[in-house]
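Letters are used for the chains, namely A, B, C and D, taken in the order the chains are written, and counting of residues starts over at 1 for each.
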Amino acid sequence: MMTALDSPPLGLVLDDIVRSHRPRTEAGSVPANIPHLQSPPFDRFGIAVATTSGEVFSSGDAGLPFSIQSISKVFTLAMALSADDSGSLWSRVLREPSGTSFNSLVQLEVEHGVPRNPFINSGALVVTDHLMERSPDAAAQVLRFLNGQVGQPGPFIDEIAARSELSSSSRNLALAHFLKEFGNLRRPAQAVVENYVRQCSIMMTCVEVAKAGLFLAQDGRGAQGAVISRSEAKRIGSIMLTCGMYDAAGEFAYRVGLPGKSGVGGGILAIVPGECAICVWSPRLDSKGNSLAGTAALADLSDRTGWSIF
Amino acid sequence: MMTALDSPPLGLVLDDIVRSHRPRTEAGSVPANIPHLQSPPFDRFGIAVATTSGEVFSSGDAGLPFSIQSISKVFTLAMALSADDSGSLWSRVLREPSGTSFNSLVQLEVEHGVPRNPFINSGALVVTDHLMERSPDAAAQVLRFLNGQVGQPGPFIDEIAARSELSSSSRNLALAHFLKEFGNLRRPAQAVVENYVRQCSIMMTCVEVAKAGLFLAQDGRGAQGAVISRSEAKRIGSIMLTCGMYDAAGEFAYRVGLPGKSGVGGGILAIVPGECAICVWSPRLDSKGNSLAGTAALADLSDRTGWSIF
Amino acid sequence: MMTALDSPPLGLVLDDIVRSHRPRTEAGSVPANIPHLQSPPFDRFGIAVATTSGEVFSSGDAGLPFSIQSISKVFTLAMALSADDSGSLWSRVLREPSGTSFNSLVQLEVEHGVPRNPFINSGALVVTDHLMERSPDAAAQVLRFLNGQVGQPGPFIDEIAARSELSSSSRNLALAHFLKEFGNLRRPAQAVVENYVRQCSIMMTCVEVAKAGLFLAQDGRGAQGAVISRSEAKRIGSIMLTCGMYDAAGEFAYRVGLPGKSGVGGGILAIVPGECAICVWSPRLDSKGNSLAGTAALADLSDRTGWSIF
Amino acid sequence: MMTALDSPPLGLVLDDIVRSHRPRTEAGSVPANIPHLQSPPFDRFGIAVATTSGEVFSSGDAGLPFSIQSISKVFTLAMALSADDSGSLWSRVLREPSGTSFNSLVQLEVEHGVPRNPFINSGALVVTDHLMERSPDAAAQVLRFLNGQVGQPGPFIDEIAARSELSSSSRNLALAHFLKEFGNLRRPAQAVVENYVRQCSIMMTCVEVAKAGLFLAQDGRGAQGAVISRSEAKRIGSIMLTCGMYDAAGEFAYRVGLPGKSGVGGGILAIVPGECAICVWSPRLDSKGNSLAGTAALADLSDRTGWSIF
C-alpha cells in the first residue's frame, strides 16, 4: 500500500476534492420517507480526514452537523462486540453480503430469522437488541461513546427528527416483529425500533465522524484507549468492505478499494488501515442510497493518494 | 500492513501449517456431480507461496496437480479485461456479491440476464463468451497464458475429465440458454459451456497456481510483462474479496482478510497485495463448496504472518 | 352435476364417513405456536351438511365447538363485500393463488403491499381493516352475523384463547406493519391484528359452520335474507376454490372438486352450489395446514355423492 | 347450475357476442418473440360451442385456423394420463397454481425440479417427455388424436412456424436443461423442446378446438370413445380452473367461472361440465398473456347463459 508521503499536502488535496465534487446542479435523490433528510441544500459538501498520527484535515462543510443514519451501525456493532464476552452476537447475525436489497425480508425468511449481516436493517436491530442487554437506553450508550471519542459539545440526538422518523418506521417495525417471530429479538419490538431510530438520528460533523471512526484505522485504539481488539477492528473492516454500502458494496470496493459505511443522510465513513479515517458528506443519493458526490469524491481521493487496501 | 519480516522463515511456517492442517480423518464432502473430483484421497494437502521478490516456498503436496475448477475464473477474467479495449465487459456482468447461492437463477431473472458478478457460473459464462470473440478456443488461450506464467511442462487440460464433466453440465447449459434468452450470450450455448468446462478442467499444482496468480500481487505484472494494468489488478482483488468464495465471501474476508478465489477441486488462490500469491489445496469441501482444511490453513497463516488487507 | 337423489340417505352416508375417517391412531400435527389448538384429542371427528332444502344432517362430534380460525375469512370477506358499495376492496387485494406459502412476504413486497388474495393472512388483515371502517369492533360484527345465521346460543369468541394467540402473533404484526408501510392499512396495525385474531378465535360446531355457510350454496341468501348478491356468492366460491386451502388449493380441487376453506383448528367448510354447505372437523393437520382426516373425508364424500363442480 | 334452456337460441347469442366483442380498435399486444403470431389482424374474432347433445354453434371467424399454442397442453395432458397406467406422471409434476409468472424458474429450483403444474412451460415439457415414452414423435401422436376428434382435413402442424419458434426457444431450452439437472427429463432436452414447440404450432379453427375439447365436458368420452375416465376428466377440469390462465387463473375463475385454458395465439378453450366446450379466438393479448377480447367475451357469455360451475 502507498502512503500519503509522496502526495501533495493533504489539506490542499481535500480543498481540490471539494472544488471538484461539490454539486453545482441538483442531481440524485433524498429519502422520500424521512422528511428531515430533505432539508439540507443539494450543494452541501464536506470532507475530513483524521490520521493515526493525530492530525485532522478538513475542507468544505466539514463542520456542519448532519444525520449519520446508518453510519451509526458501525459504532453500535463495535460497542456490541466490545461487550460481547460470550461471543453470542455472531450466532444471531451472519457476516455475508445480502445480495439485492429487496431480499432483506426474503432472506430473513429463508434464513429463519438470522439476518445476513449487521449492516442491513434487520441485522442492526439485532445488534441494538444485543446492546440493550447492557443498558436499555442503547442510544444513550452510543452517544456517550461518541462524545468520548470526539469531545464537547460534540454529537447529539436530534430528538424531533427521531420522533418524526419513528412515525414512518413501519418497515422497521415489520422487521422487528418478524425477528421476534423467529425468536431473535429479546426486547419488545417497539423499544428496539425506538432505540435504533434514535441512534440513526445522531447529528455529527464530518470532522467528528472521522475522529470517532479513527479507532478502526489504529487496531481498535480510540481516544480513550482500546475500544475493541486489533483482530476485531480488522474484522469490522472486512464487514464494512463486503456489506457497508447497501447493494453497492462490490461497486464501492471496485471503485474506492476501502472499507466504508454509508448512511442515507449522505455521509460515508471510510477506513485506511494504519493511516486514517475519512468522512465525506453530501446529501444527495444515488439509486442505491449512497451519497452521489461522496462516492465520487472517495474514488477520486483513492486515485490521488493511492489509498486502497488492494 | 505487517510484512513477513519478523516472522519465522516462511518455509518453516508452511511446514508447520501442513502438519497442523493436513486432514487426519475424513470430513467434508466432494462434489456429487463431478466424478473425477472424488478420486483424490481426503488427506491430500499442499500449500505454496510465490513472493513478489521472486521466491517460491512450498510444503506438503504442493507438487501434485489438481483440478483448478473455478480458480480459472480469475485468469479468464484477467484475460478478458486485458483484451477489453472497449470496456464493454462491464455492461454484460455486474460486480456485486450474489447473496445466497440459490439466487443465481433468480437474480439472473430479476436482473434481466445480467449476472451479479464474473465469479458465479452465469457471470463466468459471459466472460468466456467475451473471450471467445478474440479466438473461439478460449480454453486454449487460457492454457497458453498459464504456461507463459509457469513454464514447462506446466498446466494441462484433463480432456477426459472435461468430457465427463460436460455430460453432467445440465445446469450450466440451462444458465447459458437463459443468458441467450436475454441476449447476453453471442456464441452458441453449447460451445460456450464446452469452453467453460475445459477451462475448469485445467490441472495445476499449488506451486503453479501461486506463480500464475502472482501478477495480481504485483500491480498486474506477470512473468512475461504486464498482464493487466495496476488499477485492473486492484479491481480484480476487490472482486475476489467480495465475490470469490461463493456464498462465504464475507466469512472468508472476516477470518482470512485476503482476496481469494476457491474451486470445488479443493484449491484456493489468495493474494497479499505487494507481497505474494498463495495457493492451498485440500480436496474435501465445507457446506459452501470451499476447501475445509484450506480455509482453516489460510486463516491460521494470516494470523501467524499478519497478512491481512484490513 | 349429480344430485344426491340416487345415493343412500345422507345421514347414513355421514355415519359411514365418520366410521371410516375418525382417526384411530395419532397422525398429523397441530400448530406449534397456538397452544389452545393442541388440546383437542386426536380422534375428534365431526361432519355436518346443511342443505338448500332446509335440512341439516350430521354425525360424529358435529356438536362440539372448535376454533374456526381461517374459516372466519370467508365470513369476513362476505361481510366486507356486502358493505363495499364503492367496490374499493378489490383495489386493495388481488384474487390470485399465492403459490408457495413462504411467498406471502415476498409477494407482498414484489406486489407493493397488495396481497395476492383475501385468504392469505396479509389479505385477511386488509379485509378486516376494510370491515373496521363500518365499526371498529369488526370481530363483534362477524359474531353478530354468525349468530344471525345460526341462532342461540351459538358461536362465541374464546377470549382467553384470543389473548393467548395474540401474544404469539409476531408474524401477523409484521405483516400488518408491512402493509402499513405500503399505505394499505388504515387503522393501527395493533388494532387490526387484535380484531383479526379475535375473529379467528370464534368457536363453532360443525352444524353451526355448515348452517352459517349455507348462503354461499344458495345464491347469497342466508337465514335472514340476502347476505350478498348471487354473483358475489359465485365469486366467493371461485376464490375459495383457487385460494381456500393454503398451498394445497390445486390438490383439494383435484381430489374433492368443491370450493372449500380450511382453518388450522382442523375445520373445513365446503360448498356444493345449489345443494348444500358441508363442514367437517378433525384437529390433526397435514403438512400444508389442512385437516388430514377432514380432507380425506371430503374426497370420499365427493366420490360417494358425485358432488363436484367439475 | 343453470342450463341454456331459458336463454335465447345459442346461435343468436354467439352472433351478438361477436358484434359486441370483435375489436374495433387496436388494443393489447402480441408475443414479441414469436414472429408468426404477429400476423393475424387485430380484429379477428371467432367463437364456437360444441354441445354434449352433438350440436355445434359458431359465429365470426370461427372457421379460420389459428395457432393453438398452450391450449395443446390440455390435449397432451389428457393423452399422457390416458397412457399413464402406472400413475407415475403425478410424481414428476404437481397440481398447484404457480403464483406469479416470474416464479417458474424460482419454484422449479425451490421444488427441486418438480414443476408446479402441467400447464406452466416446465410442467408441459415434463408431460411431453412422458408422452415420448410411448412414441418419440409426441407431436404426431397429439395431431393424430386431434384429427380423430375433429375429422378431415382438420388440424395440422405449421412446420415453418415451428422451426421459427424453435430458433427463439432459449428459455424453454433453459427449462429443459434445468429439469435434466434435477433428473426429471428422460429424453434429450433438445428433442423434448422440439416436440413441445411442434405441438404448440398446431393450427386449428374455433370449431375444431371446441369439438376436440368436448370430451372434457362429457365425462371423458370423445368422438371415438373414451379418451380418459370420468374421474380424470373432472380432474383435468380442476387443473384448468386453478392453473389454466397463466397468472390470471383466479381472475378468470372470478369473472368467467369455468375451467379454461388459453394460448398466446389468442385462443381460449372453456368447459361447461355436462353441457358443452367453448372456443373463442382473438389474437390480441392482455398483460398476463390471455386473449383480451376472448376473456371479455367468455365473461359476457357466462353472464348471459348462467354457465358457471359456482
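The rule we apply is simple: contacts are C-beta pairs under 8 Å (C-beta built on N, C-alpha and C of every residue); 3 or more make two chains touch, one makes a residue touch a chain.
All figures in this text were calculated on a predicted structure; none of them were measured in a lab.
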TODO: For the copies chain B and chain D, give the interface type as same if over half of its residue numbers appear on both sides, and as different if under half do.
DONE: same
Open item on the list: From the C-alpha centres, identify the chain that is farthest from chain C.
Closed with: B
Open item on the list: I'd like the Å distance between the centres of chain B and chain C, where a centre is the mean of that chain's Cα atoms.
Closed with: 55
TODO: Could you tell me the distance, in whole angstrom, between the mean C-alpha positions of chain A and chain C?
DONE: 48
Open item on the list: By the touch rule stated above, which residues of chain A touch at least two different other chains?
Closed with: 110
Task: Chain pairs that touch, as defined at the top of this document - done: A-B, A-C, B-D, C-D
Task: Residue numbers on chain D that touch chain C, as the complex places them - done: 1, 94-100, 103, 107, 110-111, 116-117, 233-235, 237-239, 241-243, 247-251, 253-254, 257, 259, 273-274, 308-310
TODO: Please give the residue numbers of chain C that touch chain A in the complex, ascending.
DONE: 102, 105-106, 109-110, 170-171, 173-178, 180-181, 189
